[in-house]
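The next part holds the structures, each set out as structure tokens.
What follows is a pair of complexes built around chain A, which joins chain B in one and chain C in the other.
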Partner chain A sequence: MVQKKAASRVSEDAEEELARAPLQAVLLADSFAQKFRPITLERPKVLLPLVNIPMIDYTLAWLESAGVEEVFVFCCAHSRQVIDYLNNSKWFGQPNFTIKTIESHNSVSAGDALRLIYEQNVIYEDFILISGDTLSNMSLTQALEEHKERRKKNSNAVMTMVIKKSKPSPLTHQSRLGTDELFMAIDPETKQLLYYEDKADHLKGSITLDKMLLADNPSVSLHNDKQDCYIDICSPEVLSLFTDNFDYQHLRRHFVKGLLVDDIMGYKIFTHEIYSSYAARIDNFRSYDTVSKDIIQRWTYPFVPDVQFFGNNAAKLERQGMYRSSGIVQSRSAQIGPFTVIGNGTTIGNNTKISNSVVGEGCNIGSNVAIEGSYIWHNVTIEDGCTIRHAIVCDGVIMKSGAVLEPGVVLSFKVVIGQQFVVPAYSKVSLLQQPTKQDSDEELEYADDSSGIVKIPSITCTSDKLSGKLTSELSETQRWATSEVGAGGVGFIWSVGEGGYEEELRHSVAPIPADKLAEIIQAANDDVEMSAQDGNLLPPSGELQPDSNSIGSEDNIEDMRDDYIYFEKEVEATFLRAVQENITEEHVVLEVNSLRLSYNKTSVDCASALFYSMMKLALETPHSSTSELLGNATNVIGTWQKLLKYYLPSLDEEIEVILKFEEMCLESAKEFSSIFVQVLHLLYDKDILQEDAIHNWATEKEGADESDKVFLKQSEKFIQWLNEASEEED
Partner chain B sequence: MPDVEGLVNEFVVKLENRKVEGSHATARLTAELLRSVISQQRVPSTNQAATLIEAVRVVGDKLTAANPVELAVGNIVRRVLHIIREEELLLLTKDVGGLKLIVGSDDEDTAEGDYNHVASAAAVAASRNSLLRPSLHTLLENIQNSTLACQNSSGGDSEEKSKSDKNSSRRKVKHNVIEAVNILIEDIDACHELIAEQAVEHIHQNEVILTLGHSKTVLEFLSAAKEKKRSFRVFVAEGAPRYQGHVLAKELVKKGVQSTVVTDSAVFAMISRVNMVIVGVHAVMANGGVIAPVGMRMVALAARNYAVPLVVVAGTHKLCPLYPHNPEVLLNDMRCPSELVDFGEFSNCMDFGIDSGAPLLHIVNPAFDYVPPELISLFITDIGGHNPSYIHRLIADYYSADDLVL
Partner chain C sequence: MDFQVVVLAGGTSKELIPLVSKEVPKALLPVANRPVLSYVLELLEQSNLKDLIVVVEGEDAALRVGGWISSAYVDRLHVEVAAVPEDVGTAGALRAIGHHLTAHDILVVSGDLVCDVPPGAVAAAHRRHDAVVTAMLCSARVSGPSESGSAGGKDKAKKPGRYNIIGLDPTQQFLLFIAAGAEVEKDIRVQKSILRAVGQMEMRADLMDAHLYAFKRSVLQEILDQKETFQSLRQDVLPYLVRSQLRSELSLHGAQSEENGNDKVSSQDNKVTLSQLLTNSSTPSFLELYAVGPNGSALVPSKTHKCCVYIAGKNKFCARLNSIQAFSDINRDVIGDASHLSGYSFSAHNNIIHPSAVLGSKTTVGPQCMLGEGSQMGDKCSVKRSVIGRHCRIGSNVKVVNSVIMNHVSIGDGCSIQGSVICSNVQLQDRVVLKDCQVGAGFVVSAGSEYKGESLARKEKCQSQ
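Presenting the complex of A and B:
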């Protein structure tokens, strides 16, 4: 009720309100995700340094410069660290900028956080919702005005989402920030968001729009080149909506999609596109890399390393985008390349080469070290002759001489890498052991950070005095004897996460290697080819699915092909069950028919699928020679000939079966290739195939490539025999 | 009474976020801030000037660090420091002068107070002259100062008389400094007007003027000439990438000046038809070179090629006592690349997920150019026109050598 009152008051004297109410913001200092593990086990994501400054400072500096006066920082994981950090920062005690922290230990999602904030009853106006890993330099004035204007006209316009143009890569189907391609449908007139899909399956290459969407809106523009900035201007109703829908967890996946689908309440979401300003959220290591580079390239101006926007030590910008702080001890022979940031108090030895990297404060880099495209945090020791390429090295890491980090490696806090040890690509090394429990369940994804983790008590202490402690610990840590990270090394190598290797590639700091990229391109090409092939086989009745409006005919075909594979599997399963449980033919026909209907297939598909399953059964029945295999085939076909015949009402289907058999002999069941003719003869004998079908097949194949004619040549004699037989009959 | 620290922090944040733009505004705000710093500063009985200097220096340090590119901040801080030193010196010499005076005339009367003060002021001026290096400016200023000092002291005479000497002198330093800073602020406010007054002497009938980008000083200068019924034409180079020239052209048209907008790259083609180039700058360095909006060097070279005079209009607050090669001087501000290109259009060139991961596209957007003194014909400041070679004299007048490094 309070909310409602507030809402009505807003619409009455919104202008007055605009003048005096302080602009509020809710900053979620927890991403409720695990992309930055293992680093985030020890330090919250918002405090991780981004070009040597904690992420949250970028967010707060922006909020302040954008005119926000009151910020509620919601802390969950490692809340103590976040609060301590903020307490000691310059953000407290600003005249027109207050920060209040809200602490929670049992929130596992953004939804929970917002519900808690609603309970606290502190938000009574339109507010900015942002997470602590987002950085921007946009001006909020216009977006806010637009939002309030819309609210006055229609109080259901609860949210304005900030978007920005950014083209996804056509090869990898991911944005520069490593997130999946995002599809949005926006009304070009009102800027209303109509459709939002960030988990589109790019393998299928299609998205599905509700046809009501097209019917209800005079014009819809569909974008895949927009990036969601994760900056939202929300009305207080948003909080109550989260409370009403207690199952909303994820801001986008549940809340946005929920509102878009729900047409009873009629809540609307609008978009605000920014052009000249920058905004991005750091969601994974890839975006960490990209955003760091954007900062170095000054897209985030004035939040760049050489501007002192937050009591930090401003570095000086030199030629070619090189930022150097004042207190650097650098050997004359060291080469520091372009787009590099070197923090205060770092020493760099002879002949060391650094390019495209960020080096933090107080690092000690030896001689003949090569660092490329990497992020070295604070107080790291890198001994002589190390090589680091596209890696993240956290605070206090020690790399013994000659150690090598291959692309994509992440070394968490205070790990020690042994001499000459090569850390394999994409591995993550931490002092903490990988949680044994794999939480693949959706709910568990949000599980408390400390669950299932074996903490090593002496090492989890987070203060910086650990460097001194470490030496004493080294003797104690004889249990690292069987160290996974080389002689004298300390740390566990984590196995590749749930997402698998592919995910790892997409989200790591390292660029996707050339051979992998070639594979992706190849796969994409194959897909196109295959779909083109399948396109010829497609039945003419390839209608659109009743309640969908697929986009792009090619994608549609792809879709069908996938469908066919599933269908074939189902039919095979049905058939095998029939064999094992002695189900009668009529029942099998019934079941296959129902499958046919549900998959929207024709009898041709049924015939070829059934035939395929039979031959597979014959193949899987134990046999020692090709003659035995032929025997098996004879048995199976003999038993189930009626079933097969049922689906072969005309010549076309019979030809289809021969083609299918040919395909099988070439691909999945090569054993049959030697007895192709015999099986063909068998089918003819059993009256499954008519003579005309075989003739038609032969003539059809006449014009094909030489390679395609292998089986035609094999069966030449058989066809000849057929011809002679029919002549004799005449 | 607002909290000084709060005020300082607020201003620092504004500078950091680049919320204050333009040297005029920055200079004015800095001066006002320093005035309140001084007025809030508690002064001990001894060494008052040193305390004030220290206080101003601490604040000045913060301010210059907040935006090292905006040289006007440092200029004003140094000006204020110079003012404090001057006042201290003034007081010192006055004490000396007073002593002399007392020795000279034993019976000091209340009735003769006025006369005495004039006399003492003259003595002050004389003694100060002996302490300071001689220059035309100091000579001129002395006359003003002595009359000013005379007025000041005569104003508060009756009260001060009753109080002890020390107390009055203590209050006086602070008081005088604040007065002087007020004058400085007035000067900053009046600089556009003072410069514009000289416009008719420089712009003649039917001339063609070329300018680059937008500068308030240039606008006032040209408008003043127009108001005095001069008829002339102006070519405005648009000043990419911020296109401030468009704004200037609009404003000029409002004043009834015949204006032509050209691209920056067309400057060389147009310059042969131009009689004079008048530009505003970001800062004037001690060697007479200037830091000016990007593209200015090209304009200056074009002007030199065709022997067209390049006139720089700048208020004295832009006068920087540093040389362009000083390490404290941050010559340039690399601004956001999005002023040049649209991020969305180029985003696929900056996908670091493919290829080597090294950025292949780099967009550089410097804000300033350095124009050496050889290319500049004349400076028009609020204290008259000067040659580039004379700038170092002006700097000696306005700044003390002790403050060059803050």
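Presenting the complex of A and C:
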């Protein structure tokens, strides 16, 4: 009884402690991706304005409203800019909300970031892991409670992922946020995540679930209609897991999949689905577009332009979803369409039409300008007669009169577009030249990211001093940039990224054009036809054959043969080097042994490979007659007999050597065929081959085809002699 | 109702040896002293499906089954018995009787089904969705003796048997994935295209395909004609239909597909609204959405067909007599938990003792037991949870627990029979002890012998002795 009381008190204490511990969050102010290039070369993604407010402010505002008390902001790329911004923002000095920044210059992935945070030893409770480009208005209370409840029952429930319903388009296989379609398997009872596949291979027509999955659960829900919100509630173990598995880089691709596959530790991931609240991560230009529209259409309330959720100027909401700040100078003839945000201090000229767009602060828009579905950031000058459709225009850009931006264009900071110049669709223009692709480790998906990040400090400098330097460089740049962005223009047009045109299309702010859609539909049709044929080819039993099994065995044999050829070559090279450099037998044995291990071969293979190399050496040593060849062979075998003997521990290997020799005489070294018996005799004399081995070989060959018996017949006399010799001994 | 019913009664199933024999084909195996086929026939009769084709494998078996049906149901049902060669498979059997099939829809029932789910409900679901196939699913049962059985403790950890892995849409109306047989034990491979179309798929391992299907006749015959290698409905035809539902190769509406694109769209729209009304759902089903294409405009009028399911409630009884274990289970359940199926009226002691049966003194027949017509039992016998057939002669001091004893069996004094099946005309001499055995028809077990977990049949007589 007393014990029980004590126990309950302890648990109460623990609960109190739990309540007292501040809720922590880790905010990654770096997406470790390059989808927002070239803009992110000059400014970190989290500081890019989203409906005129930097993204990170949305994230921080949400964290504060959700009851988070301590946020660790992990800065990597452009860390100075982020830290400076935060220092000057009102986020510092808030009661009950502290922000601490962690700076790193050599982290190339979320995994590195979390490892660094682990080392700092600042997280001791369940925490929220979020990236600085995530927007949400969900309440964390329920998700946190669920997470803690599960943790109490099972300490292996290390993470709760927030998901939301969102059905990807069946044609483009991407969500409205522009992310790839996602396949998940979730236990409908416990909400445990059982399978996670993003970056799915479209060509593979089926997903494969482990058979054990349904052995443990009577039912499993497969989802293609959910979206990962990239808001995770993690236990402190997550950090140590990243440290234990130093190869985990990506949160989803490595960490989540790693945990799902690994069944030794039994760590579990759960999901929490939100229904009415909003959560989305800005992953690419398309999601930038989508999320901006969601903000304007107030799905993210209270984080909308007319609510002052932090030090921003509240705009006024007018009819048709228009937000207007004070201090706009607008011509009477200008038409501002629905779902448009106009920032403070912007002037708009005559007959200008703006619809479905966001215009930042201090912009100067001339007359007869058409802006549709575009994002104009701050202090942009757009001269008369420009047309902008579905484009992103960064701070300080100047568009000379009559310039046209076709859909999907991105103009980075301070680019100048020349008069009447038409920027082709999906092009990206920046003052900085496109970094040439570096010869980096291709294996890591983060390789190119790292190259980007390594460069970033220098770029940060450039961008900080850009304004100063620009004037001096301007003349130089201008001279040969004019050809790229029109007369009087400044900037480089970047060539299409690695993903190719297709990727640009999928991730740009512009909707996918109709003709392209038709193309995709056509492709999809072909695909269906293909898979239909595939369906016909299916075995009548109705079972889907695993992909590899049918041809796997042949492949394997093929592989093994190839393997042996490589192995033989390596052994030969080793042996030749040993001959040339007078390496002792022991060392050669060591080297051959290591080769044997790395190719997973047996000592039989070593013996035959070595013997092959020796005979080849003998053959390649200059000789004029077969007797000289025999002499060569005698020499080589005499010198290296110990080595060969080392790999001939039993009769089987010796027989193998004879067989190998036979094969050589037939194929690669026909010169030996005439002196087969002599070499055999030689090997016998040198004690490399035992009498029994030769006998066994002979009996083995007895039953073979006549053509195979050529050498047996040649050696008949020798064998007979052997017999007699042994009889004499008896 | 424009439904034709095909009952696949099978022949002499190999799994059921030694219970089945040339004289007793599978369809005539007794369940609570009635042939198993009678359960299906009466179930169909209850749904007013009286026009039946019973397909039996093998001429001999067909004669026997036909003889029994005509004697038992002469004025109640209109039954045609068709014989097909052995080992043609279920699809082959349907192929063989193809010329008999004329109705718009075909209901295919396995003859070994013992259940109380009205087939009419399946037929209705089939019609409502205008599906090409509707399969009946029921909860997978725990095999082996129920918890109340003597071996209770041992079976606690037993999981429900896994017969199928089934993928359903969230409304649980459409069949999206099915794995049967050996496939159940492999990794599950789900087509992405179907998952994309439906968004969410529920994979279930706790459902069993009851082998009661409603097919659209035109589709069934088209497949049977085109895919000559298809042998089994369950393993070939059904998976094929499920797999190809989004890219149907079937000429569903022969005349309609000839029409030009515009007409097709409108007809599809009509279909959407119609079936919406019928299914009482506010949104059209995923298949209709998929067929109509994105943005409502049928840029690609995809051909689809619907594979539907009817899921029987958990409280319904549904089992197939396809193994010896199932035979014992079903016999026990029909006089036990699912006694309403047997069609008998139970006594106050919850058992059925035919008035003509004779019991000796101090002989007890427990609840959930059945004693057939004209059977006699000696003194001090005890019968628990067992079925004893007609005209059996049972000596004194005999214990029968959890067993099925068919007709004309004679059992000597002091025998003990547990968890066994004893076929007709078997003779057990005195003091025989059987545990978990099957004794084939006409076998003689010599006095004093003890067997455990063996299968005794006349052929093996010389070997075993």
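Assume the second predicted complex is superposed on the first by the 469 of 730 C-alpha atoms of A that agree within 3 Å, B and C clash if a C-alpha of one lies under 4 Å from a C-alpha of the other, contacts with A are read in each partner's own complex, and residues count from 1 in each chain.
One rule holds in what follows: contacts are C-beta pairs under 8 Å (C-beta built on N, C-alpha and C of every residue); 3 or more make two chains touch, one makes a residue touch a chain.
Owing to the predicted nature of the structure, the values given are computational and were not obtained by experimental measurement.
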item: First (chain B), second (chain C), both or neither touched by A:Q94; value: first
item: Touched partner set for A:S169, first chain B, second chain C, both or neither; value: both
item: Chain B versus chain C as contact partner of A:N245, first or second or both or neither; value: neither
item: Partner chain(s) touched by A:P218 [first = chain B, second = chain C, both, neither]; value: second
item: Touched partner set for A:T208, first chain B, second chain C, both or neither; value: second
item: Chain B versus chain C as contact partner of A:I521, first or second or both or neither; value: second
item: Partner chain(s) touched by A:T634 [first = chain B, second = chain C, both, neither]; value: neither
item: Residues of chain A at both interfaces, chain B in one complex, chain C in the other; value: 167, 169, 171, 225
item: Chain A to chain B touching residues, read off their complex; value: 61, 64-65, 94-96, 137, 164-167, 169, 171-172, 174, 176, 178, 225, 275-278, 286, 289-290, 293-294, 297-302, 304, 306-310, 314, 316-317, 320-321, 338-339, 355-356, 373, 390, 506, 510-512, 517
item: Chain A-touching residues of chain C, taken from the complex the two chains share; value: 160, 162, 165, 167, 180, 182-183, 185-193, 195-206, 227, 229-231, 235-236, 238-240, 243-244, 246-247, 249, 290, 294, 299-300, 302
item: Residues of chain A that touch chain C when the two form their complex; value: 167-171, 173, 181, 183, 185, 188, 200, 204-211, 213-215, 217-225, 518, 521, 524-525, 528-529, 531-532, 535, 538, 540-544, 546
item: Touching residues (chain side chain B, partner chain A) in the complex; value: 6, 9-10, 13, 16-19, 65-66, 68, 330, 334-339, 342-345, 347-348, 350-359, 362-363, 365
